[in-house]
Structures are given as C-alpha cells and as structure tokens.
Amino acid sequence: MSKTIIGDALPNIPWKARPEGCTDVVWRDPENPIIGRFPFPAANSVFNSAVVPFKDGFAGVFRVDLKTRKQELHVGFSKDGINWDISEKRIEFIKTKDEIDDFSVGYDPRVTKIGDRYYVAWCNMFAVGSNTCTIGLAYTDDFENFYQLENCFLPYNRNGTMFPEKINGNFAMLSRPFNDSEPGCIFYSESPDLNFWGNHRHVMSPSTYWDWLKIGAGPTPIKTTEGWLLFYHGVQKTCSDACYSFGAVILDLEKPWIVKHHCEPYLIAPTELYEQVGDVSMVCFPCATLQDAETGRISIYYGAADTVVAMAYTQVDELIKYIKDNDMIK
Amino acid sequence: MSKTIIGDALPNIPWKARPEGCTDVVWRDPENPIIGRFPFPAANSVFNSAVVPFKDGFAGVFRVDLKTRKQELHVGFSKDGINWDISEKRIEFIKTKDEIDDFSVGYDPRVTKIGDRYYVAWCNMFAVGSNTCTIGLAYTDDFENFYQLENCFLPYNRNGTMFPEKINGNFAMLSRPFNDSEPGCIFYSESPDLNFWGNHRHVMSPSTYWDWLKIGAGPTPIKTTEGWLLFYHGVQKTCSDACYSFGAVILDLEKPWIVKHHCEPYLIAPTELYEQVGDVSMVCFPCATLQDAETGRISIYYGAADTVVAMAYTQVDELIKYIKDNDMIK
Amino acid sequence: MSKTIIGDALPNIPWKARPEGCTDVVWRDPENPIIGRFPFPAANSVFNSAVVPFKDGFAGVFRVDLKTRKQELHVGFSKDGINWDISEKRIEFIKTKDEIDDFSVGYDPRVTKIGDRYYVAWCNMFAVGSNTCTIGLAYTDDFENFYQLENCFLPYNRNGTMFPEKINGNFAMLSRPFNDSEPGCIFYSESPDLNFWGNHRHVMSPSTYWDWLKIGAGPTPIKTTEGWLLFYHGVQKTCSDACYSFGAVILDLEKPWIVKHHCEPYLIAPTELYEQVGDVSMVCFPCATLQDAETGRISIYYGAADTVVAMAYTQVDELIKYIKDNDMIK
Amino acid sequence: MSKTIIGDALPNIPWKARPEGCTDVVWRDPENPIIGRFPFPAANSVFNSAVVPFKDGFAGVFRVDLKTRKQELHVGFSKDGINWDISEKRIEFIKTKDEIDDFSVGYDPRVTKIGDRYYVAWCNMFAVGSNTCTIGLAYTDDFENFYQLENCFLPYNRNGTMFPEKINGNFAMLSRPFNDSEPGCIFYSESPDLNFWGNHRHVMSPSTYWDWLKIGAGPTPIKTTEGWLLFYHGVQKTCSDACYSFGAVILDLEKPWIVKHHCEPYLIAPTELYEQVGDVSMVCFPCATLQDAETGRISIYYGAADTVVAMAYTQVDELIKYIKDNDMIK
Amino acid sequence: MSKTIIGDALPNIPWKARPEGCTDVVWRDPENPIIGRFPFPAANSVFNSAVVPFKDGFAGVFRVDLKTRKQELHVGFSKDGINWDISEKRIEFIKTKDEIDDFSVGYDPRVTKIGDRYYVAWCNMFAVGSNTCTIGLAYTDDFENFYQLENCFLPYNRNGTMFPEKINGNFAMLSRPFNDSEPGCIFYSESPDLNFWGNHRHVMSPSTYWDWLKIGAGPTPIKTTEGWLLFYHGVQKTCSDACYSFGAVILDLEKPWIVKHHCEPYLIAPTELYEQVGDVSMVCFPCATLQDAETGRISIYYGAADTVVAMAYTQVDELIKYIKDNDMIK
Amino acid sequence: MSKTIIGDALPNIPWKARPEGCTDVVWRDPENPIIGRFPFPAANSVFNSAVVPFKDGFAGVFRVDLKTRKQELHVGFSKDGINWDISEKRIEFIKTKDEIDDFSVGYDPRVTKIGDRYYVAWCNMFAVGSNTCTIGLAYTDDFENFYQLENCFLPYNRNGTMFPEKINGNFAMLSRPFNDSEPGCIFYSESPDLNFWGNHRHVMSPSTYWDWLKIGAGPTPIKTTEGWLLFYHGVQKTCSDACYSFGAVILDLEKPWIVKHHCEPYLIAPTELYEQVGDVSMVCFPCATLQDAETGRISIYYGAADTVVAMAYTQVDELIKYIKDNDMIK
C-alpha cells in the first residue's frame, strides 16, 4: 500500500484502470471528454476547471465561455466526479473591500483547500486595458458565497496556484508573470495574510523542446514524501500553432522554489481529436487533481482544445519513478 | 512667499531664472547638459539618475552605462547640485537575506528620503531570462553602505518610485508593470514592512497624444497643498521612433491612486540637440527633483538621449496653475 | 402567418425543420456540407458563395479555388437549392469600359437582385501588388453574360454587399475597408449611378468577444418590418488561430448606417468538424440567404473551413426576438 | 523666356538663386528652415503645409502639432511667402451636411485653386478607431470660412491632392490608400460633384531604391506643355528608420494615371541637420509649390523632420530635362 | 512498357492501383497512414522519412520525435516497404573528423544511393544558437555504421537532397537556404569531394498560389528521358496557418538548375484528416520515392501533419503528361 | 620598436597621434569625416569602404550609394590615404564563367592582398528576390580590371572577409550568415581553389551588451605574434534603434575559429555627430585597416552613419594589452 501521498484517503476518487496494452505512465479516460462543450444553452464551452472533494461528493469552479465568448466562472457539483451539474448563473463575488474592482471577466480557476476553507485563484481581467490581467483570489466555505480578496499581484500574471498549506509560516502561491515578448516562467511568492505578497522566487523557466515558449503551474501541488508533485503545462510553438502539453516536476518540500526532479518528456500531449480540434486547437491544460493517499491514485482534470473537460489517471509511485528515470536534473 | 510645497526649505537649491523671452512654465538650464557623457574613462554615458539633499550638499545614485554597455549604479556627491563627483566603482549592495539574488544589472534609480533613511528603487534585472526585470529596493543611511531588500514585485516591472511618507499607515510605491504588447500604465501599491506588497491600484493609463504608448512615474512625488505633484514620462511612437517627453499630474493626498488634475500638454519634450541625438534619440526622462518649500522652486534632473544629465526648472505655483489651466479632467 | 419579411414568397425555399432537442435559434442542415470540396477535377474547394431564386429554381455565383489555389468565380444552377450543377468554366466578364482592369483573381461573391437585374459584388484583386484588392461589381440578367462595371472603391476593401433596393434614391452598399494593423469595421456608401460612390458612413466596429478582430457584412440585407436584418461574420483571434463566426444586427430602414439592435452572442460558430478542419480551420462565413416572406423562413448559405458549402436555417420572428432579447444596444 | 508652365505669372514668387558651386537641379533656401518649430506658445511644431497666391500676397493652411501633440490645421497669411503670420486658433470647419463627422484631428493639408475657389484636402481622422483616416475635403473663398464636404473615400487613405482643373469633365484627385502590411501606391479618382467618387485608376507603385516602402503625391500637380509635373515623396526603410525623400514624375495631360516620365534619383533627401533631426528624423515632405509661368521658377514648400517648414527651388525647363535624362521609363 | 525512368527495375515496389472513380494523377494509399504515430513508447511521432531499396527489401532513415519533442534519426527495415521495423535507438554517427560537431538534433532526412553507397542528408542543428541549422551529411554502406562528413553549407539551410549521380563530374545537391523574412527558394550546388561546395545556382522561387511562402526539394530527383523529375513541397500561408502541399517540376538533365516544365497545380494537398490534423496541421511533406523503371510506377513516401507516414502513387508517363499539360513555363 | 605585427613596414601610413587628454586606446582623426558624403554629383554617400597599400600610395574599393540609393562599388586612389580620388564610374566586373550572375547591386567591400593579388569580397545581391544576398568575390592585379569569381556561399550571407594568407593550405574567409529572426554569428570557411568552400566552423556569437543583436567581421585580420587581430562590428538594439559599434578579438593563428581573447568593451561607438546622424543613424562600421609593422601603428577606416568615411588610430601593443586587460575569456 502506497503512503507516498501525504494527505487524506479519497475512496470515492473517480478512477479508470490503465487500458490493456497501454504503457504510458499517465492514461486517458476512454470516455473522454467527460464534460461536453454545451453544459447549458447559453454556453459555448467548458474547460480548464477546478474540482475538490466536497461533502460526500465533489464541488468545482468551472471556466464557462458563453456564446458571446465572454469568460466566466460557474459553480458545479457532482456525486462521482464525472457527471457534473453546472450552474447556469455565474459566480457573483462578494467584495471584501470597496476598492476591489468588480469582477468583469475571469478564467482558468484553481481551487485549493487550506484548513477548512476553499480558495479560488483565477486569471482576473482588469476593467482598464484590453488584455490586462493578474491573479484574482477569493474564498468560500460552502461553494455558495464567494468572498473576493485583493488581487495578489500587479499585472501581468496568469496561472496562480496556491499551495495546500502554509510554507515557512506564510501562504504560498505559484504564478506565471508574463510579457508577450519573453518566455513565460513560474515564480513562487508568499503572503502572511493573503493581502500583501513578497519573497518572490524564480522557480523554473522553459527548459526543453515541448515547453520552450512558456510554462505555467497547473493543479494545486500534491504533497508527497519526495516533495511537492507539480503538474505544469508547457507550450511549444510549431510551424503552425501553439501546442499545450503537460508534464511534471517535484519541488523541495520546504523551499518549493527549488526543483528537485524535472521529467524531460511530456506526460500528456494533444494526440486525440478532442484535444487537437476545438476552439483552440492542440491544448491539454490541467487545472485540478484528486488524489487518494491510500492507493496513490491521482485523477487529473484537464481542459481539451479550450472546449471540453477531459480526465487522465496515474499512480503516484509509478509516476515518481518515471519522473526520476527521465530526470533532467543530474 | 509660497507655502504650496509641504516640506523643508532648501536654500542651496541649484537654480537658474527663466530666460528672457521664454514663456514656458518649465525651462531648461542654458548650460545643459550639466553632466557630460564620459564621467570616467570606462563609462559610456550617465543619465536617468537620482539626487537628494545630503549633509551640507547633495548625494545621488547615478545610472552609468559602461563601455561594455552594461548598466550599473554609482554614487555621486556634489556641493552645489551641478558639479558632481561620481565614483568609478559601482555600488556593491549588502544583501539583507541570503535568498536575494546578487545584483547583476540595474538602471534608472530613484532615491526617496523617508524619515532619516534613504531608499533606492531601481529596475533590477534577474539573472534568469534575457530581459526579465522588476523593482529592486535598498536603503542607505550614509550613501556608503547600501542594504538590499527583497524585490518589491514579480516581473515585469520598471519605474518604481516611492512616496516620501507612509500612506494610510503603509509604505507606498508607484510602478509600471509592463507587457511589451500592451500600453504601459502606472499602478500604486502598499507595503506594511517593505517585504510584502499589496493593495494594488490602477492610477493612470496613457491618455493623450504625446504619451499613448506607455507612461511611467518619474521623481519622488512632491507633497503640496493641492495634492501629490507627480512628474511622469510618456512615450509617443512616431513614424520613425519612440519619443520620451514628460508632463505632470496631481494625485489625491490620501488616495494617491486618484488623479485630480492631469496636464494635457507635455512640459518638456526633446527639442534640443542633446535630447534628440545620443545613444537613444529623443529622450527626456526625469528621475529626481529638488524643491525649496520657501520659494516654491523646483529643480528637475532628467536624462537626455540616454546619454547625459540635464536640468530644468519651474516654480510650484506657476506650474500648478498651468496644470489646472490645461486640465484633462473635468 | 408571418409578414415580418417585406418581400416575395418563396415556396420552394430549401428547408429543414429544427432538429428535436435543439434549442438554438439558428440550426444546421444535418446533411452538411451540402456541396463537397471537389465540384470538378480541377477544383480544390467551393465555399463562400452566393445564390438567388432564378426562374423556377435557383442560380448562384460560386467561389471555386482551383488546385493551383487560384481563386475564381463560377456560375451554378439548381432546382432545389441543395443539389448544384457548377460550371467547370470560370465567369468571363465583359468589360463595360476599356479602362477597367481585366479580371484576374476574385473571391467571396455576393449576389443581389435589384429590380430585374442581378448584381454581383466580390473581392477583386488588382493586377498590381501582391494583395491589393477592392470591391469588384458586375451585373447579369441571365447568369450567362456578366457585365463588369468600375470597381466601387479604392483599395483596400473586402466584403461588399449591396442593398436590394435604393436608399434615399441611391444604390447602397456595405463594405469593409481594411488595414491589416487595425480592427476591420463595416461602412455604408451610396451611388447614384454605380460608377461614382460617396456619402460614406461608419456602421459598426468590432464590439464583443467573438468578433473583436474584424467584422464584415455577409448576405444581402433582408428587409423586415423591424429594419434591415443583416448577418455578418466576426473574427476572434485565439491563442492559436483566427475563428470566423457569424451573428446578426438590425439596421435602420432609412438610415441603414444606424444599428438598432445588435445581438451579443454569435448565431453559428465553428463547432462541427467540417467547420473546424479544412483549408482554413475554424470558419463559418455566410454569403447568401433565401427567404420566404410567407412563412418567415430563412435559409443561410455559408462557407465552412474555406472548403465546402454548408446551410443553416432560422425563422425570422424567432430570430428577431432572440436578437432583441440579447441586444447590446440599450 | 519659358512658356513650359501653363498658368499664370507670379512675379512676387519667393525665390533664391542656385548657390554658387551647387550642381543640383533642385536647391535649398540657405536660410532654411523658413518657419521654426514654435509659431506660437501652445505649438510644438509646424510643417507639411500648403500655400497659394492670395490677393496681393499668399495664404496657407498649416499643419500645427500642439504641445499635446494633437494635430490641427491653422490658417496663415504672408506678404512674401517667407514670413508667415499663423493663427493661434485652429480652423473650425462649417459642415455642409449634418451627417458629416465633426473635425477631430487632421494633418498634411494640400490647397488647390480650381476656378475662383480654394479646396483643402487633408488626412482626416475618424472619431471611431485609433488610426482610421481618409481624405477630408473643404473649400473656402476667403480663408476665413471653410465649408467641409463629405469625405472623398472610405478609409484607409492619406495624401489626397487635387488637380487644378477638371479632367475629362470631372474633378480629379490623387491619393494613397494604405494597408500597413503592403507597399503604398498612388491612385487617381474622379468625381462629377465632389460628393461621389469613382473611375479609380492605379497610377504608380514604389519602383526604385529610395521609395520602395511607400509613396504619396505631394503638391498640386503643375500643368506644363510636357504633362502634369508631380512632386511626390517616397519612403525608404533603412537598418534603422524610415527616410522620406522626394522626387518627380510627369503624368499624361489627358490620362493622368499614365506616367510618361519617371525620374530615377530623388531630388531632395534629408541631408541637412534640420531634415535629419526633429520630431521624426529623416523627413523631407513637400505639400505645396508656387510657380511663375513667365520665368519657369518653382518654389517648393516642404516639411522637414516633421518639425519645421523648409523651401527649395528649381526651374521648370531644367527640371524637365533632368527628369528626362534620368527617366526610368524607356 | 514504359522506359521513361532511367534506372533499375524494382519488381517488389509497394503499390496500390488507382481507386475506382479517382481521376487524380497521384493517389493515396487507402490504408494511410502506413506508419502510425507511436512506433515505440518513447516516441511521439514518425514522419518526413526516407527509404531506399536495400538487399531483398528496403531500408530507411526515419525522423522520430521523442516525447521530449526532441528530433532524432532512426534506422528502419522492411520487407515490403509498408510494414516497418524501426529501431528504438537513434543513429549514433561516427565522425570522420574531430572538428565536426557532435550530432545533437536533426530531422527531415533524405537518403540517396550513389554508386554502391548510401548518403543521408538532413537538417542538422548546431549546438550554438537556438535555431541554427544547415545540411548535415553522412554515408553508410550497411545501414549500421553511419559516417558523418562535414556540414555541406553555412547556416541557414534546410531540405538538402542529393542527385543520384554526379553532374558535370561533381556531386550535386539541391537545398533551401532560408531567412525567415524572405520567401524560401531552391538552389543547386556542386562538390568535387563532398567536403567543399560551390557553383551555387538559383533553381526556382515560389511562383504560384499554393507555394508562395516557401518551397523545398523533396525526394531524390528521378532520372527520366525528359529530365530530372523532382517532387517539391510548397507552403501557402492562409488566414489561419501554413499549408504544406507538394507538386512537381522537371529539371534539365545536364544543367539541373534549369526548370524545363513546372506543373502549376499541386499534386497532393492536405485534404484527409490525418494530413489536416496532427502535431502540425495541414502538412503533406514528401522525402522519398521508390520507382520501377520497368513499369514506370512511382511510390511516394510523405509525412502527414508532422505526425505519421503516408504513401501516394503515380505512374511516370501519366505524371509527365500531366505536368506538361499544366505547364507554367511556355 | 614593436615587432608584434607580422608583416610589412608601411612608413607612409596615414597617422595622427592620440589627442592630448584622450585616454582611449583607439582614437578618432580630429578632421573626421575624411571623405564627405558627395564624392561626385550623382552620389548620395560614400562609406563602409576598403583600402590597401598600392604602388607608392593607396588604392581602394568604395561603397557609393547613388542618388537613386542604388548601391555600387567604385575604385579610388590616394597618395596619402586621406585625400581620395574616387571614380564616378562603377566597377564593371569581368565574369570568369558564363554562369555567374551579372553584378547588379553590391556593398560593404573588403579588399585583401594575398601574394601579389588583391581580392575583393562584398555583399552581392542576387537578381532574384528582393533582399537575397551572399558573398561576392573578385580579384584584381591593377585596380583596373576586376575578375569576378563564383559566389562563395549560398545566401543569406554578409560581411565576408578573407585572411591575408592560406590557413592549413586553404584560402580562408570569415562571414556572417544571417536569418533575420536570429542573432547573427561569425563563421569561418576554407577553400582550396576559391571555387568550392567547406570546413565551416562557428567562430563567435554575440556575447555582451553592445553586440547582442548581431556581429560581423570587419577588416582583413592582422597577423600578430599573439594571433589574428580582428576588428568586428556589433549591433545593439536600443529602445529606439540599432547601434553599430566596433570592438576586437584575437583569434588563434592556426585554428582561427578559436577566439583566444575577447575584449569586453567596445573600442569605438557612435558618439560624434557624424556617426550619430546620417542616412542610418548610430553607425561605426570598419571595413579596412592599414598597419605598419615597424611602429605597430594601425589606421582604421570606418563608415560613419552609412554616409561618410571616418578614420581612427591605435597602436598594436597598447591595443593587445587593452584587449587582455578586458578579456571576456578566462
């Protein structure tokens, strides 16, 4: 029995065994996509979304693009993690300070449980500027009322992902500040109070062939005996397009800005039609995992082609072995 | 006698009266540039630099580009604010924490006195990435030992300028986060301890013809009875080049992210040969002022053509009247 | 019985009822694409084409790209509007003046009946320059002889669509002048004689998420009791590609440069494989409609993926209600 | 005595003889620039402007950029064509139709006398869009009241220049439609009534080394026994910048879209400091000429470095000989 | 019996007859792709590869992209030319000189038999620079040991293809030097010794609609009584992507830099899903042919969508007739 | 007496002593520019030119841009190396093979004496393509007849500079292949016969602040006891423009692709008005030196602002000491 994952058992984790003949360390759900593109009539697509265990089932915050192509966040609930009931109404955040800008457009949420509270981080568009965004942050205790905090950083930033516990006494977040004319790197930041942030550290830059354009942290890091297991997406620019795949690294438990192991090959790249064709072609973009500390099973939710939600599965010990066998760090 | 400036008298302020026939509200020193391009043999240029009253004269932190074209910060001292003795050795910062990156390349310093301590903010290049920079911060009590603090923000950021006193109980800074494919705007941030920063507010975006590409805060804001007087540079892209001019706004004293008055015309644009021709053509870039609360005199130090240091002068009451007469805010 | 459409009955309009379970206001023909990519051996594709009722059936002008990828216009005839007989020979225009340039390359035709005559407008490439084009114009009475008039405008222009009757005593046309570095907008112009054009008016700019890059008028506007019903395509740029969808507005009957109602969501976006994959991925591009004033039925011909011809259907009263329910104009 | 120019004598034409030792066919005024950059305190610069004989002296429409860098048109008067009195107030156009957009921003005027009336054509910015412009047109009889007509063309267009008499019974204009991703060419258009325009003809494309990026018609064409003498600017892109020079062609008198002679070398390129350095470096941009049919003298007004007004001189017979000696058309 | 191809009989050539109803001169294998994307677990894709007759079957050099997306060359063998056994180990080249850089990354191989020796030419990435490549060259006698020679040319070059015999006493190669800001053209070069290269000649530039962005030689030219039959790929840039098709030309036998016949339409363009969708959408890229001089049969191996290997077939006499019937050269 | 330079004495070398107060290791001629921009009436400029000792004085090949801005090569002669007589007729090359393209446009010549023969290498534009160039090569014995050889390389290449003697038994050349989207590097190549070239080696990439965009070899390398002394230009991109400076390296005598010493600071950067302002601003571009082995004096000819010819001077031992004192190679 694996005890590599440091955390709770999750006996009801959605799960499919590795298909026969498959030798990959991470494998897809054969019934992908698990959530189709039209969750309700006004919606154009649902993808890049985050789920957590909640009560006797699961809750989630979903990126829904409307048929206006406006990007919103919607709540959803599920008994089994596969079949989801997604609200037709977007989340209306309750501001914790007057000076916080009203939510306008937001996308690519991550949800992290710290203590008994759920934190949602997302890419938050400013009212000023046409493409000015940074990391928005809110919390909820019940997935009904969401309380919006100050933005974590100055623009321009995307892909904010919180750690599930305090590091060195502070809240901690990975994010990907960006400048369209530079490769995008992952940084680490800390906050004593979720209002002021600092102790910024560079974590990793694009470093291999499938991720050379930019990278971004994916789901909440998973605490293991080997370090923080982080899935991240990487973008390769081809003769024709950008291609979003995802891979994994293991970060130091106490100084999570130090990469201990870095898996050279990707884990999942767009090779299935629902990943290759859609509103944005060639995208596999993970935003959440579920994991069962008892069995070491990990279920990965990822957006496919910016259109639908798909799932993949792995087992933590096999995965960590694979990462070490293919380690870029000597 | 003017009492518009809230601050100290500075009887030894460097000063030239407005030339006869000149009708401009800000005028140049006829002996510009006051510091030529080769302050010492290994130097290529000196510009975009910051000065403050110090002891019975003045001290400053100067941007010096070497003949390798590497960008460094050097200390200088002056009796009269015009004739400067600039050190041939760059500032070697003493790190206040091990995790802070060693200083590598930095430029465009601002110096702000808060209480009895001098704070230097500059554009600090990261060791990783070819053009990854953010706001570096250090303090000194004597212009001999400089103690480097954590970087204030994540990249990508330039033009960090501190307020000379706490706002709402926090240190406060203006900065210009940037993304090369978007117009650059000025934001406001606060910190309780100069380690963690938050309460980020949008202050102003490019809004007229001479500044439409990007803007950035210039010298430390000057406290006046009308609000914070802020000189800022704006960049216009012409058929041929970028053109850096500077103008002024008045910010609310208590909520400095609110622009109360916004002068529509520029104050100084590159019209003299030493501003038009040099390592970067068409640049007037202010980084520091001196002011005398007794007379309302303001002396502005600005970099010209990224090559030399020039000076301009104005009187606070005349300037505020001009700003209000040409106000873009109704 | 609907009398919303001001025009003729068209009992033989091609028509498919809304599929069961479908809640969309515009729905696709389940047998799409109705015209496949190889209408004859030398052809590479057929799409973005225009049809009108003609005699006891229908006639059309089709964009055919040859296997040289050269773009031509070809005549076609059909009894039922679905099964088309497309000529292997391109249209050879008869010039009405010597000074008119010989037709070289042209594409994206619209056909409009005004009185008893049929007018063809298309994107007409100049012999000079590599991508210099404007709106070409010709008329025919019989779909055998086509008489080419002067180009309507100076370059650079695309997507010229005539109104089916004179406005304020003049012929009227919508078009989309373009500059590759600016968003593309729809303008309105008038002509007393189809030789000289003026009274140019701005009609609409890109204004929402699915059309922010550029827009262009689609089929001949449909006269209704509510105003001119105009389908238009809009282009969104994603992380990977351009995506062409289409929506609808209602223009003022007498001053058609005034938008009375503007539907915020798109009506049809590329979500079917034949729209997503082809010579140009992610394209739904309407160039013609047929409508029956008796029933209010509207059949929309649109090019899919710059490769094939597809059809969609709607009913005018339902559509106008939908437009008003989702109106961007308050 | 030359009778090459078909037109009026102008005995008071401003004139300087060719400097000794100079072998150039066009030569500069040694007192250039004749109008400096600050015609009045609110002005930043004056350049690219148009003058005509008026009463016993001269009148002109001047491009003035304010210190806000907003571009306006101002009237000026002069006794000698060299010393100008330029109004501090911009021209307020009287609209001849309600639907015409209010003048917002405009620049690079040309003035053409046809019969007894003066027509002003300029680059007219639309209120919509950030850089959407076309040719604005107005007339005046007295240089006091200016009556604005409909815009001549759809966007995107610059450098509209009228012919001084009707061609084939129509008003005629040269203009330069543009698309930032294509070389800019000169086209010819006609109008029976200055409201509707058509008969568009391609005149010339960039064709040599100094003009390969784009070209645009300059002053009103001069009628000569050899054809229409047209000065035009051409733009060359170097390793560093755009460079605006000007040259000359001779157009067919009756079919002015036919170039009869095309001078291969430039006539004036930026080689003087006031042409090389200014708000836009490396610009010589002619917008007007004066000519004396008696002597064949031609005085050329050109903007220098987008900052000041300069003058050059030539003699028509010498110039035409030079054009023929260096003819690109065989 | 055809004797158009000058060369050996190849009775075991892989072959499928033209499908019924198909009128194309080149037709696809209905079982395409013949090699799927995962030849072994560490591989991401296999495509753009070269095969030759070898012993009683066939050998080949394959482009394999690993799951790191690193590009490598692997050997493969086949009895029938359709079913391939591809080595999981990349080719380790034996350097013939110390100064030759170690093989790092390489792709798009061509294999040419000259005399009894097999030469492999490929796009060879330099260790310095991020995208610096030129033509690498090696030989083998047994497809086990490969001996690497000096690079043929300076960077930047791709698509090197050798002629199967000496021309004018020298080895001869086609290649495509490139500069990303210019159209890519095919050049011809000669070498007396495969060490030093010269006599560079321009062969052809992009010249029609389907190849206007860039072109590159494909498989080893086939010697025929009419000249060298060369398949080449051409790239068209659409509103969305690059599209790689292939066509054919016939080169002069003795001066192969002279194009005798140039087929205007493409032969194969991406119209099947496996060509349209994959790691790089819209790619048909031929690198090898087999041909049987007895029957005139030609089998073409081409990479599809930078993901898999596909095959097409033609007959030489039919093809040459088609080329001449559609000749761009008069 | 210096014997550091391995070569001939040149007692009549043009020479100016270092100005008083100057501490730079390379200093300018105070009478710069030594050749003004109009060497004859049809010329626009003269710069980036090459000179050698010839008979009892000096001969040179000059880049002359005509007033058409076409780039040509012209011969010049001088008694003192300062005052030059430049031919108004361009060099008409005599082709040594029919297949060599006729000279059309060429620039930036270098001249190297090897044995008793003078070799001219230049940037040679192809007749096909708009910006396709490579290294052209010719020889002369008398500066009257120039015999054109095959181009040395495939495009795209510039800045070819020959070594003054054979290396390892072959002729040797430095050049700078280029791709506009990559940094430009210097490579080394060899030829046994000046017809075929190979043994290509990477020499150096941009590596410091003043040269990070691209670099190119300048004058013929000077043989010294320490290695080949090579002046090279480097290009820095600033906020506004490209800036061309020059520096120096010392290459290994026997393996000249190995850089032994690399001077970190530039030697001459554009700081004088004639270097900062001209047809291309901010350019110092050396193409030739003269040197006197007796005294170690070196005279450097460099183009300034792509407009005029300037000179600088240094002494070999001082320069080598400076290079070593500022060596980037440890």
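When the chains are written out, they are named A, B, C, D, E and F in that same order, and each has its own residue count from 1.
To be clear about the criterion, a contact is a pair of C-beta atoms (placed from the backbone, for glycine too) under 8 Å apart; a residue touches a chain by one contact, two chains touch by 3 or more.
Every value quoted in this text rests on a predicted model; they were computed, and no experiment measured them.
Visitor: Determine the set of chains touching chain B that also touch chain C.
Guide: Chains in contact with chain B as well as chain C: A, D.
Visitor: Enumerate, in label order, the chains that touch chain C and chain F alike.
Guide: Per touch definition, common to chain C and chain F: D, E.
Visitor: With touch defined as above, tell me whether chain A and chain E contact each other through largely the same residue numbers, more than half shared, or through different ones.
Guide: different
Visitor: Measuring centre to centre, with centres taken as mean CA positions, what chain is farthest from chain C?
Guide: F
Visitor: From the mean C-alpha coordinate of chain D to that of chain E, what's the distance rounded to whole Å?
Guide: Their C-alpha centroids are separated by 56 Å.
Visitor: Just the number, please: Cα centre separation of chain A and chain C in whole Å.
Guide: Computed value for the inter-centroid distance: 42 Å.
Visitor: How big is the gap, in whole Å, between where the Cα atoms of chain E centre and where those of chain F centre?
Guide: Chain E and chain F have C-alpha centres separated by 40 Å.
Visitor: For chain F, write out the residues touching at least two other chains, lowest number first.
Guide: Residues 241, 277, 281-282 of chain F touch two or more partner chains.
Visitor: Assign the assembly's chain-to-chain touch graph to one of these shapes: line, ring, star, complete, other.
Guide: It is other, because the touches fit no line, ring, star or complete pattern.
Visitor: Strictly by the criterion at the top, what is the full list of touching chain pairs?
Guide: The complete list of chain pairs in contact reads A-B, A-C, A-E, B-D, B-F, C-D, C-E, D-F, E-F.
Visitor: Once bound in the complex, which stretches of chain B touch chain D?
Guide: 23-24, 208-210, 236, 238-241, 243, 264-266, 269, 271, 273, 276-277, 281-282
Visitor: Under the stated contact criterion, what part of chain B meets chain A in this complex?
Guide: 99, 126, 128-132, 134, 150-157, 175, 177-183, 185, 187, 189-193, 195-202, 205
Visitor: In their complex, what parts of chain D are in touch with chain B?
Guide: My answer: residues 37, 41-42, 44, 66-71, 241-242, 277-283, 306.
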